[in-house]
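Shared chain: chain A. Partners: chain B in the first complex, chain C in the second.
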Partner chain A sequence: MKVLVPVKRVIDYNVKVRVKPDQSGVDLANVKMSMNPFDEIATEEAVRMKEKGAATEVVVVSIGPQPAQETIRTALAMGADRGLLIQTDQTVEPLAVAKLLKAVVEQEQPGLVIMGKQAIDDDNNATGQMLAALLDWPQATFASKIELNGASAANVTREVDGGLQTLEVQLPAIVTADLRLNEPRYASLPNIMKAKKKPIDVKSPGDFGVDITPRLKVSKVTEPPKRQGGVKVESVADLVMRLKNEAGVL
Partner chain B sequence: MSFWLTEEQEAIREGVQRVCDGFTDEFWRETDATGTFPEPFVAQMAAGGWLGAAMPECYGGAGLGLTEASIVMQTVAQSGAGFSGASAIHLNIFGPMPIVKFGTDWQKQTYLPPIISGQDKMCFAVTEPNSGLDTSSLETRAERTNDGYRINGRKIWTTSAQRANKIILIARTTPKDQVRKPTEGLSLFYTDFDRGRIEAKPIPKMGRRAVECNTLFIDDLHVPKEALIGEEGQGFKYLLQGLNPERVLFAVEAIGLGRAAIAKAAQYAKERIVFGRPIGQNQGVQHPLAKSWAELEAANLLAFKAAALYDAGKECGAEANAAKYLGAEAGFHACEAAVLAHGGMGYAREYDVERYFREAMIARIAPVSREMILNFIAERVLGLPKSY
Partner chain C sequence: MAFDAETREQLIDTVRRFVAERLRPLEAQVAEQDRVPDEIVREMADLGLFGLSIPEAFGGLGLAMEDECLVAIELGRTSPAFRSVIGTNVGIGSQGLVMFGTPEQKAKWLPKIASGEIVTSFALTEPEAGSDSAAVQTRARREGDVYVLDGAKRYITNAGKAQLFTVMARTDPDRKGAGGVSAFLVPRDLPGITVGKPEKKMGQQGAHIHDVSFDGVRVPAANRLGEEGEGFKVAMQVLDRGRLHIGAVCVGVAERLIADCVAYANERKQFGQPIAQFQLIQGMLADSKTEALAARALVLETARKRDAGESVTLEASASKYFASEMVGRVADRAVQIFGGAGYVADYGIERLYRDVRIFRIYEGTSQIQQVVIARETLKRGG
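And now, the complex of A and B:
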């Protein structure tokens, strides 16, 4: 079974983001970029499937500018087999990403797509669901555990508001990875060296006949309001009074 | 040579950083306080394949150059591991080079893979109590026997000898009065660390307690013929080839340590409020740290230039020596500035910078003194008469 893992190049999770002065977006100049952490978890899961013999090949796809090759290379260093970059400098919205991924899925015919539940830059949490809808495949989102039943079905444990829910999905399916699915490995030096020799195919959105023209317009980006400092209360009675009168929560 | 890292070098830096992230300041503080070798750290570096960065690919290494090895070692030191972390693996990086360059195929196949995997732990015994930097005057003797050599002598400052199961050592095989030049007649051996024949005594020292240094007493150590690396009598020449990479590694490690120190100091200066404002708002606190930054970055450029020259197979003696000198001085001054920026807290172990300060002295002294470096530059670069 082939596993497809879409990965996105995003601002590193350690970086404190700054809004551009004209409020048109976030300042990306000279900012460290990394693989979306949820995509790292998805890659790890796919690589583990391959190591257990459940998957035969792990293919990584990214959509974005030329440096997204580095993100693909990171996944290859973790153990994925080959990469595909759909190169564009344009903003690609979730629906366009899903359409491109659909085209890739039709070409690659994977038995399973594992992807991050959302990207930490725009936090849309939409692409996995849209891709499942476009393909008319089963979907299991927010996975914290994936158990394959051969190549025909999978039991996926999902983290939902009330607790854990386990779904059985027929394969091929879309699974989106949540934080607790696994702990991604560090790339070892021999694997970084091997990754250099693994192939990365470069295509353009046009090659897949997908129109990626944005449909949404960003009107304004603002920083969250600065948090006010807390106050120390003198006594429990004071606390209760303030919760009642000032915070209005009692 | 490039002024910034390639994609692959960046991946290397990040890979090492990720391993280091698992080892906190508390961990290193504890190894220093108790003198415990950082085994879990070394095990993880070995598992990630980092020990073999500069070793040939066919023996399990990555076949990378001094530039990449420098990135690995600097990342380790800069993570806060300092010399406690760097010295724990330093020897693995270029130490086995004499075997790589001058060993037979059998020696390479037998000796290298277990070193690269971390299974064999080696130490490197060159310096002696009575010869110091005057290596050609060393007194350890290796006499031929029917099936190998018998070695007797003393060594000093042998790092990690308590933990090692292998040793590379240099000994005189032909007496000094029977060779044309005093640098001839010395031979390199790689052999088992036989504790029945070698007594290793740790030297109580100023810093880096986690990685011990020893005096060795070698008493009738028998080694087989296969222990001899390269030709008999050529050991000094083989040793010389490893000197420049060694200097570059010391430079980048000291620079990494200095960077860690000023990062700590800047953080503290931002948070510490005195007279109603952060102390880091005072130029008296800012300038020593800013100056250190400038000195560290300048030294770093020269160190990576030396590494690039070495990797291109070009002469790099002057650059490697100067980088070691500048890197060690800049590292030391950065650590000193960091302790002073912390005020009283800089003297407390809890803030780590006093540990860095103690460790920073290592690179000023080892593997060669500042004075000998200046002698080298005066003689070889400026063409002045030899002074010693």
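And now, the complex of A and C:
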């Protein structure tokens, strides 16, 4: 079974994000970029399936600017077999990504797509669901455990508000990875070097006949409000009074 | 091999992450228990760290010196005891074999050294032969197709875990100095080898040194590294490389300390403002930063020269000399900037202060580096 893993290049999770002065977005100049952490988890899961013999090939795809190749290389260093970059400098919204992924799925015919539940840049949490809808495939989102029943079905444990829910989905299916699915490995240094020799195909959105023109307009991006410093209260009575009158929580 | 920018970036980034996420949280524990957890050693092996300097043909990474230095700088950002785990396999314990080994010797040992399956040690220092390392007294007598080794080594890093020693021993008792010394690959399991208890040390708890004695140890002649009398040539070339590596580690520790100082100075308030606002504190930060930058530039420039095939005996000594003295000053200023917290164990600053002291002593003391630098400078005429 072939597993497809879409990966996104995002601002590194350790970087403190700065909003551009004109409020049109966040400043990406000279900022460290990395693979979206949820996509790392997805890649790890696919690579483990391959190591256990459950998957035969792990293909990673990224949609984004030329440097997104580095993100693909990271996945290849973790153990994926080959990569596909759909190169564009334009902003691609979840729907456009889902349409492109649909075209890739039709071409590659994977038995399973594992992807991050969301990207930590825009936090949309939409692409996986949209892709499932476009393909009319079963979906299991927010997975914390995936068990394959041969190549025809999978039991997926999902993290839902009330606890854990286990679904059985027929394959092929879309599964989106949550934080606790696994702990991604560090790509070993020899594998980083070997990843240089693994193939990455480069295509453009046009090659798949997909129109990626944005449908959404960002009105403005602002910093979250600064947290107010705390105050020390003199007594319990004072605390209750302030919670009632100032914080308005009682 | 040298890398394209992207691969190098990925390599360095991986090591940086490993250091930050896996090693730094364990610093206090390792110091207290005087032990690097087995699990961490395994992770270091999985990551490929034991093979940094072993050629790719033998399962290592075959890093160019510049790349090895960049990795060493990253490893320097945590307790140097962690680096010591891989230190001998990457440096003094393997490089004699890489540079002078026969194809058979290399094929037999290098893959296991690269994978971390075996640990190596380099045994040069003796009770009577420290800085005057050419005064080696350990004897190697030829008897047919074996050499019989007798003598005692001391302060041998990783000897407690080593399965392979590179031992310097005198094959020609009539030649007093370097010319009478040969190098041998000595497997730990040969009869007659005794490894002493780990020494109690000033710093770098978790890294260990031991006495090693050889009592009638019969080493196959095929295990001689290089020709008879070439032992010193081996040792000196190994040390050239090792000195650059140590210099790079010093740069890493210094950069770590400076970052710690900046964080603390911004946080700690006295006289109503962060101490980072005081120009006397800023002066210390500026001096530390300047020296760390200078050391980094010297180490990396020398590494590039070595990669280009130039002889760097002088520059490697200068790198080790300057970087090790520099990190001593930076650590001293760090204690000062932290004030009482710098002297109290919880903050880890006094620990690093003790840890870096050894860099001015092993692989050639600062005085020996000065001797080398002066000798080479006089030779070069300036």
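The rule is short, and it goes like this: the second predicted complex is superposed on the first by the 250 of 250 C-alpha atoms of A that agree within 3 Å, B and C clash if a C-alpha of one lies under 4 Å from a C-alpha of the other, contacts with A are read in each partner's own complex, and residues count from 1 in each chain.
Everything below uses one rule, namely that a residue touches a chain if its C-beta (ideal position, glycine included) is under 8 Å from a C-beta of that chain, and two chains touch if they have at least 3 such contacts.
If you're wondering where the values come from, they're calculated on a predicted model, not measured in any experiment.
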{"item": "Room on chain A for both chain B and chain C (clash or fit)", "value": "clash"}
{"item": "Partner chain(s) touched by A:K232 [first = chain B, second = chain C, both, neither]", "value": "neither"}
{"item": "Chain B versus chain C as contact partner of A:T74, first or second or both or neither", "value": "both"}
{"item": "Which superposed partner A:K220 touches (first chain B, second chain C, both, neither)", "value": "neither"}
{"item": "Touching partner for A:A187 - first (chain B), second (chain C), both, neither", "value": "both"}
{"item": "Chain B versus chain C as contact partner of A:K196, first or second or both or neither", "value": "both"}
{"item": "Chain B/chain C common contact set on chain A", "value": "69-70, 73-74, 77, 186-193, 196"}
{"item": "Contact set on chain A toward chain B in their complex", "value": "69-70, 73-74, 77, 186-193, 195-196"}
{"item": "Interfacial residue positions of chain B with respect to chain A in the complex", "value": "7-8, 10-12, 14-15, 18-19, 47-50, 52-53, 57, 60, 62-63"}
{"item": "List of chain A residues in touch with chain C within their complex", "value": "69-70, 73-74, 77, 186-193, 196"}
{"item": "Footprint of chain A on chain C - complex, ascending", "value": "4, 6-7, 9-11, 14-15, 17-18, 43, 46-49, 51-52, 56, 59, 61"}
